[in-house]
Amino acid sequence: MQFRSDNAGPAHPKVLEAMVAANTGYAPGYGADALMDGVTAQLRALFEAPEAAVYLVATGTAANALALATLCQPWQTVFCARVAHVQEDECNAPEFFSGGAKLTLVGEADKFSAAELRAAMEAEEIRGVHGAQRGPVTVTQSTELGRLYTLDELAAISEVAHGFGQPVYMDGARFSNAVAALGCTPAEMTWRAGVDAVSFGGTKNGCVGVEAVIFFDPAKAWEFELRRKRGAHLFSKHRYLSAQMAAYLEEALWLENARAANAGCARLAEGLSGVEGVAFLHAPEANALFAEMPREMHRRLMEAGAAYNLWGASPAAVRDEGGPLLARFVCDWALPEAEIDRFVEIARG
Amino acid sequence: MQFRSDNAGPAHPKVLEAMVAANTGYAPGYGADALMDGVTAQLRALFEAPEAAVYLVATGTAANALALATLCQPWQTVFCARVAHVQEDECNAPEFFSGGAKLTLVGEADKFSAAELRAAMEAEEIRGVHGAQRGPVTVTQSTELGRLYTLDELAAISEVAHGFGQPVYMDGARFSNAVAALGCTPAEMTWRAGVDAVSFGGTKNGCVGVEAVIFFDPAKAWEFELRRKRGAHLFSKHRYLSAQMAAYLEEALWLENARAANAGCARLAEGLSGVEGVAFLHAPEANALFAEMPREMHRRLMEAGAAYNLWGASPAAVRDEGGPLLARFVCDWALPEAEIDRFVEIARG
Amino acid sequence: MQFRSDNAGPAHPKVLEAMVAANTGYAPGYGADALMDGVTAQLRALFEAPEAAVYLVATGTAANALALATLCQPWQTVFCARVAHVQEDECNAPEFFSGGAKLTLVGEADKFSAAELRAAMEAEEIRGVHGAQRGPVTVTQSTELGRLYTLDELAAISEVAHGFGQPVYMDGARFSNAVAALGCTPAEMTWRAGVDAVSFGGTKNGCVGVEAVIFFDPAKAWEFELRRKRGAHLFSKHRYLSAQMAAYLEEALWLENARAANAGCARLAEGLSGVEGVAFLHAPEANALFAEMPREMHRRLMEAGAAYNLWGASPAAVRDEGGPLLARFVCDWALPEAEIDRFVEIARG
Amino acid sequence: MQFRSDNAGPAHPKVLEAMVAANTGYAPGYGADALMDGVTAQLRALFEAPEAAVYLVATGTAANALALATLCQPWQTVFCARVAHVQEDECNAPEFFSGGAKLTLVGEADKFSAAELRAAMEAEEIRGVHGAQRGPVTVTQSTELGRLYTLDELAAISEVAHGFGQPVYMDGARFSNAVAALGCTPAEMTWRAGVDAVSFGGTKNGCVGVEAVIFFDPAKAWEFELRRKRGAHLFSKHRYLSAQMAAYLEEALWLENARAANAGCARLAEGLSGVEGVAFLHAPEANALFAEMPREMHRRLMEAGAAYNLWGASPAAVRDEGGPLLARFVCDWALPEAEIDRFVEIARG
């Protein structure tokens, strides 16, 4: 009953098999391995972007921080959602990698509308040289609260950003879950909707540790390479990153895994739906469910071995008296249906 | 009718006289001038802080950014008000000088309460190594909206900050206006209320360009000196900063100027009070008044030569149709009463 | 005939087997995996340092840059050899991670003496606040030119550094090769010789991508953790780093691999010794040989498929007329003896 | 007998008179004062550069650090002389403002030749993404050791830099002394010789604290403005910087002062020439003389009140036994001839 995070589960066996298969003979380092050529070609094909610049890094924070720094100037501010990973979970990595840019929080939680973005972008820079200057816009898809931007919402956001001359970066740590849920193509969810750069996350969806960063306009490709090296994120034995990504792309493992994770979350939501005392923050749209539950139910689940995180409260809170507590339940590709069902059963009491 | 800013007016003649008087013979550079010894002694006496480390810089942003960077780590977040100068008017200087720290906005506008601060500080760091770590707290006194923290409010805020092991820095660009308004001593408004470091602003109150930065605990004095030099804010011909500050301290010119500025603002507020269509954002407490006025009144005033800034709107807005517009009126020490009275008269129509 | 780098070869099969073995079930992320507990215990035992703080990162540059930044202040200068990896091969990562520290180059090439260090450290800081301040000292062991510091040399260097109140960091990307060559213990080559922190490299010696960073004094452990996270070097699926390091430590695979690499290099040197036209830069002491060869010999070797790097010249230089060219030959653990012998044979002509 | 530095002496009375004259009424802040319009026009005329972007800052380190940061990327290295002010006297300000660029030291001391520069620039970047990338070139004119680049030398250096696609920045803290000595025009010593940006120093030559930064190509003007603000170097009461510079430009006060300083230095050199035991490091070319003197002579001079700095030795060294000690003697515009003559007399013994 493991709902703590989609990075707590195992990698898909095919990913490790690919790493083992790559472990033969000598190969040029630092991204010049032959496997990477294939990965680049595959990702360009998948995104229908034959000119795109494609790079691999090993962590989602590296992908976000390096991509944003490449799109940003130190005197600018990045527009992001209030609970964006870049704001809450990266220990100031965006500020560090950008050389001191600011983050401006838009909207109320994990999503913002084009109108909210416009208002925020208009509010900046009326102070001329004194205020932070407008910088890139970043959205997370699927969001930190398990929701989705529709293609129309993305296009509207991009239009606002571009109207101010600023690019859009998509934090795609759970990109695959979003594509699976929306039933669209990667191209539709990115450049066709105005997204300028995206991370295509592997780590949370069955890889060991790999994220692709894709710039649809390759103008800043060399700058990104220098930033990656300077950030110590260029792997000497790069072939093991390439091998992971190659396996992940092979026969659309990325999509298969994402569908499994989303299906698990839907099963969980269906199971909990209508259970006395359980209230969803909102209907889950990808692979994460946020639900309030009575403390007694939390205690029962945790005692039975369920693993998940409370949201905005410390774990100890379940032992205190009080009202219901919000929790996050993330389903990964490997989660057995039986575990989900057992969880629901225990919740039902 | 100059209400644009308290840095648009002239310096007090005594300040320039002191600079001229200092302009004789050779003097050691970089803060080793004899005048600075006197300034240090005077400021320690004024603040009743015989151990304090005292430094001069030439801009308020330098004072804020260097002081906060000295009190902060790059992985921390600084707690400040939503419209704090460090957030809105320094083009990311705090992020730059701190090496990438974040700013967390507390409260609704220019002030925050101890309770709001506690909530904000509690919310940080529940994410362990993932989130920004708690850093220093900064308050502006008097505030960017012309209000004051009471001594009790300051003490309560300091107590919260210290409870989390964090220091309090006071942006004292308008320190003198606050002391004049509260009728307290500099010590009461700083270390006796738990403030750990403060800028004692001269530029906005009759100097050419000088701010003192005071650390009541001198433990980080040498670090500050290195940061000042590395930030290119150590003046070779430092004596001209010292001379300004010496003149500013002499016979409490700082207090005399601040009282004049505050009195001007009170006169303005009294004059505008009850004028049809004029609504104060709040009663002015120092030397800045924020008031909504009908656009027609703005047009009349501006045509007559009144200079001031709209707040949250571009200057062109006065020419459009629409509701009243908020404006800021800042009074400096030099503003003639007759100019204030003329302004009021024109506003009355 | 692969002598390009010790990161061009494969990982040891046991390392990948360990990763596959770790790929089961759910595990806490971000370094809280059970495997890491074992790794910490094993490394503390290996280094006879029960209090040491132990962390894993995935690249050597990350190890160096994060460790130095932790030991350094932005206004300091790091003392390193002229061809140190931190100076030549990290695209300013030390400057980036430290927030702008400087590097002062000591000695003529890959090593410096205690006397040279003392002279360099004395030369700094006579300018008071104006110059860069003295910072940590870093040595690479084995060096970038395939040489070793003796234990006495290390102790003398540490004594100088400590005499100025500065710590010593050892870049141990090839730590194992040095221990194998010196026949000493890890403790003798580090803290017993005054080294304060060290990277224990796995990547160049049979791992996929893992380096341990060890602080013998754990006082800055938490700061390192924050820097690692902020630098995007904290792995969510950390267990795969732990698994690599566990396999590397198991039955001293690290030492076995290093001995194999060193033996290969000795075999190569012996084979080339006395070959007409071949001149060693110095006798190889670990797993890298630097030798000048006539251009004709280079062409012959390269045409036969030998892979290695010219040193200080572009690859195209072998096609031009001119004198002999210096090349670097690095042997890794996997290099077959037959390949070495074939190389020697071709060199002999 | 004040030879310590050209920033130890007084400002020219005209400069302070101009500040006093500017101290009347209200003026727009932050560089929008009317005086600055005149300064911009005058500097463009003086440099025969009608398109140039012109800014004022208050310290030489600010001018250097901001200009270089504007011309540089964080992953590049700046080429400078070994004893350049940016290397030795700015406490890592260039590294700080550039976000972590490196400095590569060229030549043996205060000057380097085009050939030395070419060798250094060729040596960089053969490592591709691994090494620091080539960045701007900076020369100091007159140099830190009181020498000059000829116009031909400057042109040759610029040609090398431009050949690598890199700009040239001239640290002109003593620009006026160089123009006075060379008898050329500002344009000849800058853009006509290929210099892309320059600081036109006022502080060391009779101002209170002001340096102009001039970009002959205004493409990066707005970036410089943002960097200046973010670096806390934009003065609110900017008119007092403008007033200084206006006075400095009026009737070529800058040139008159520089000629006086240079003449003082020539007089000093002539007086010391042939004095037993005095050996010049090289013939002085501007306003600074470097000479070795017996310790006994140093003691005699210092006891008589002469003020100057030993070079590469602590002040205490004069009291020890030993060989001659090198000292720096800087003459400023205000130094009375009688003081120089008295110094020479005492030196003669």
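First chain written, first letter: the chains are A, B, C and D, and each begins at residue 1.
FYI, a contact is a pair of C-beta atoms (placed from the backbone, for glycine too) under 8 Å apart; a residue touches a chain by one contact, two chains touch by 3 or more.
Everything quoted here is computed from the prediction, not taken from an experiment.
Undergrad: State the pair with the higher C-beta contact count; candidates are A-D and A-B.
TA: So, comparing the two chain pairs, more contacts are at A-B.
Undergrad: Taking each chain's centre as the mean of its CA atoms, which one is farthest from the centre of chain A?
TA: Looking at centroid distances, D is the chain farthest away.
Undergrad: Whole-Å distance, chain A centre to chain B centre, using C-alpha means?
TA: So the centre of chain A lies 41 Å away from the centre of chain B.
Undergrad: In whole angstrom, how far does the Cα centroid of chain A sit from the Cα centroid of chain D?
TA: 51
Undergrad: Where in chain C do residues touch two or more other chains at once?
TA: Only 74-75, 90-92, 96, 99-100, 129-130, 133, 226, 229-230, 234 qualify.
Undergrad: Looking at the complex, which residues from chain A come into contact with chain B?
TA: 74-77, 88-92, 95-96, 98-103, 123, 126-127, 129-133, 312, 314
Undergrad: Considering only the defined contacts, which chain B positions touch chain D in the complex?
TA: Spelled out, the residues of chain B in touch with chain D are 2, 4-5, 7-11, 13, 16, 19-20, 23-29, 57-62, 65-66, 90-93, 96-97, 203-204, 208-209, 226, 229-237, 240, 307.
Undergrad: Show me the residue ranges of chain B that touch chain C in the complex, using the header's touch definition.
TA: 30, 73-75, 99-100, 129-130, 133, 223, 225-227, 229-230, 234
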